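Common to both upcoming complexes is subunit A, partnered first by subunit B, then by subunit C.
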Partner chain A sequence: MKIRDTFLLPLAGVALVLAVWQSTVVLYRLPGIVLPPPWDVALALLQLTGTQAFWRDVGVSLFEFASGFTIGGLLGVAIGVAIGESRTFRLASTPVVESLRFVVPFAWIPLTILWFGTSYTGKIALVAYAVFFVMVVSTARAVAAVDPTLSRVGTALGMGRWRLAWSVHVRAAAPTIASAARAAAAIGWIAVVAAEYIGASAGLGLMITNAASSLATPVVIAGMIVIGLIGAGVSALIGWLARLRLDYR
Partner chain B sequence: MALAIWTLLAQWLATGGGVINRLPPPWRVLRDLVAYASGELWRDLLFSLRVFTIGWVLGATSATLVGLTLGRVPMLGNVLIPVIEAIRPVSSIAWVPLSIVWFGFGLTSKVFLVGLAVFLVVIVYAIDGSRRIPHDLERTATMLGMNGWQRFRALVLPGTLTEVLIGSRVALMAGWGTVIVAELVAADSGLGAHLIAVQQSYNVPAVMATMACFALAGFVMNALFARVERRLMPWRHDVDRP
Partner chain C sequence: MTPVEQHPQHVDAGAPLRGGQLAVEHVSHEYVSPGRRTPALADVSFAIQAGRVCCVVGPSGCGKSTLLGLAAGLLSPSSGRIVWDGEAVRLGPNKHIGMAFQQPGLFPWLTVRENVAIGLRTRGLGRHEARRIAEEFLATVGLADFQDAYPSQLSGGMAQRVGIARALALQPRLLLLDEPFAAVDAFTRLKLQQELLALLRRYRPTVMFVTHDVAEAIAVGDMIVVMSARPASVLRIIPIDAADRNRASPAFARKLGETLECLGVTQ
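Let's turn to the complex of A and B:
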């Protein structure tokens, strides 16, 4: 029963989708540039993984993502804690954060290209921006929502303000911050791909737009699968790290 | 205060002797915003909003129908929910090139992308909502002599729709972001096309003015929907949930 539900039925679902896909192609005699059969996509994926250019693109995209995520994440948590801890800081920064929050990262893409060209820096800045806002907002909320009893215990133990913030509030808020990090990673990863569509010299986004404009649809779909796998992988990695570090819960 | 920092920074950069004045001072952005607002803004905005609205409505409706079916029919759910879970990590943004190959640069491809983005968000809420109907209530309804259809109308449908409503608000920003990317890549009309056009003429103040338009539109939509949500579901207090 358990095996059936967790393994066989999903497999049946995947098989069904592949069958529908294949029969659509055959029945409507779709040309390969519109919808290639699944087999062609698998073949394209296999061929891609054999080329050096593909791994370079993956490497570039991952590098841009990882740098941006680190910068944006650290800054976001730091400023989020400051907003959660200090009333003055909160009042001063709320208008800025709230108004910039609605400038979706994607809207920054043309401006980052004007400022930084098609270099890595532009994408790193974009990812950092995207990650930063997710982290600031949820960190500030999580820190502010920490059980006041904990703060009183900390004060009774003679902790100063920053000691209290760092050793008590941030730790209590860590699970929320970790799940925000997962959401931020998803957004950041998409932002990299979107930025690469519009102006880049290398990367997965550039690879699939190039493939699309030469109508190599199997490569496009293979690229989409890779993008999805990396996105899911990054999210799983962060989840795993969080569980590893936060297993006291 | 932020405006003051911005102004100082712009002054400093401008006197730093860059070839292009890369960070315009706020009043120049404001001037461009006014110029744009008295001209083509409304046509572009209308176009973007049309793409967004059609895609959003189609995406949310289809997600509700599919979600209800998958959530209430366990057999189908077991087979097809894993398929949806497999597609979900491939963000709608990754579909942009494929959508252009399929539907060209016109309205259809953008509506498809927005619809997909909204669908992928709302479907989770729809499945969740249709499954989270309390069993006690279902048993009570059966005991009161309601047949399957009545139970569906009175219990399952409202329960699902409240979750769908929340999902639709979450999907608002996802959908709006997708409109931006789709219009930037397949730039033939709308705010995104304008953004690319002014970018290609190195007009930084106009780029920032267009970004402000995007942000304002997103903000207004979010605020409007939050109001509607409070009206329809006054018992929900955590409307601020991201």
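Let's turn to the complex of A and C:
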């Protein structure tokens, strides 16, 4: 049962996708430039991992992501808590937060290129922005939704307002905040790669657009697979950390 | 007259009196939300002598919990005042109180021991001292073996014991109980009532105990304040003697009848 659940079923899903892919190539006699067969992509991937340039690109993208995620995440949680705790702050910030959060990160790409060029800074700002809005909204909601009995208990135990906010509300909201962080990481990672597609001096997105302009389709698809794998890895890492620190059931 | 003479059952000769006097003076309260005012209490007055147990009974939703919130300083009355040992209770955390709720409100991310210790830590005790006192009070409520358990691993009755241990561990001078036994089964409730009586005899705080169980009120209280439906006012104050507490006695039945009649429930 365990083997079936952890290996066989997931592998069956991957195998199915590969089979559909391979048969599409064969049935429609697609040239490698349009859609290379899975095997060619696997070879391209293997070749990529042997080059220094590839690891540098991965490193750049991950660095941009991690910096932006940390900045946006910390700011988002801090402001989210303030919104959840203080009516004044909530009323003052609602119009800004509620309208800006619908301006997707991609809408900012032209401006970030204008302001920061193709440097790291623009990508970091973009990720921070994307992550920030997810975290602000979820944190504010999670903090406000904490069981009021816990607040009354905290006050009855002698906690002042900020002690209550930190030791009770944030702690009680932590599991919700952690799952928001997972969603935010996905959006942040997507934002990094998207920004690199449009204007970058290094990174996975640039690697893929370069490969596309030289018609190296297997490399393009290999790069896309790497993006997917890293995204899944980051998401799993955050989930694992959250379980490690927050599992008390 | 000393409490010793009047209430022999509540007396432990060695226990020092910890509680102070609580006076509720013409307290009215209404909840105000946009476009709506909901009156909860209307001109409520009564006093609890130091070290006595006052049970507040009344129809559900009548404002009993509001009264506790006001006594704790969780709320501020719309008019009137609550006086503790000669001083009006102020809004905010108050050091003299300990409180237990119907939903015990244990922090699910803390162990049982940490749940009891956190209030002591908040009030400035050191880690080791807080831990020692928490263990002592958990042993008192019979949960010495569950100190490292998480709240989700406890039964309803056990969780309620932790809630009471947490309130008592603060060694409060005023203990506020908001239907702490309402959510446990009838048998556990009787057992918890007995345990509570023993603990109160030992620590002797002043107690305001809100309940909708009239038999519980007679079994635990020195006096019963009977409240009307919302907005609540005091219908009657019924003194309880030690002799009334025996559930099998005619005196118990008389007090029960008197209270129920006052609540409009005639048998």
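Keep in mind that, in the parts below, the second predicted complex is superposed on the first by the 228 of 249 C-alpha atoms of A that agree within 3 Å, B and C clash if a C-alpha of one lies under 4 Å from a C-alpha of the other, contacts with A are read in each partner's own complex, and residues count from 1 in each chain.
In this text, a residue touches a chain if its C-beta (ideal position, glycine included) is under 8 Å from a C-beta of that chain, and two chains touch if they have at least 3 such contacts.
Since we're looking at a predicted model, the values are computed, not measured.
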(request) May I ask you to decide whether A:159 touches subunit B, subunit C, both, or neither, giving the answer as first, second, both or neither? (result) second
(request) Scan A:171 for contacts with subunit B and subunit C and give back first, second, both or neither. (result) second
(message) After the superposition on A, what does A:211 contact: first (subunit B), second (subunit C), both or neither?
(response) first
(request) Using the touch definition from the top, say if A:20 reaches subunit B (first), subunit C (second), both or neither. (result) neither
(message) Which partner chains sit in contact with A:95 here, subunit B, subunit C, both or neither? Use first/second/both/neither.
(response) first
(request) Using the superposition described at the top, determine whether subunit B or subunit C touches more residues of subunit A. (result) B
(message) Quick check on the output: what are the common subunit A residues between the subunit B footprint and the subunit C footprint?
(response) none
(message) Quick check on the complex: what are the subunit A residues that touch subunit C?
(response) 147, 149-150, 152-153, 155-160, 163, 167-168, 171-172, 174, 246, 248-249
(message) Residue numbers of subunit B touching subunit A in their complex, please.
(response) 1-2, 22, 78-83, 86-87, 89-91, 93-98, 100-102, 173, 176-177, 180-181, 184-185, 195-196, 198-199, 202, 204, 207-208, 210-212, 214-216, 218-219, 222, 242
(request) Within their complex, state which residues of subunit A touch subunit B. (result) 5, 9-10, 12-14, 16-17, 33-34, 92, 95-96, 99-100, 102-111, 113-115, 137-138, 186, 189-190, 193-194, 197-198, 208-209, 211-212, 215, 217, 220-221, 223-225, 227-229, 231-232, 235
(message) With touch defined as at the start, can you tell me which subunit C residues reach subunit A in the complex?
(response) 69, 72, 74, 92-95, 97-99, 101, 103, 105, 107-109, 118-119, 122-123, 150, 152, 166-167, 170, 176
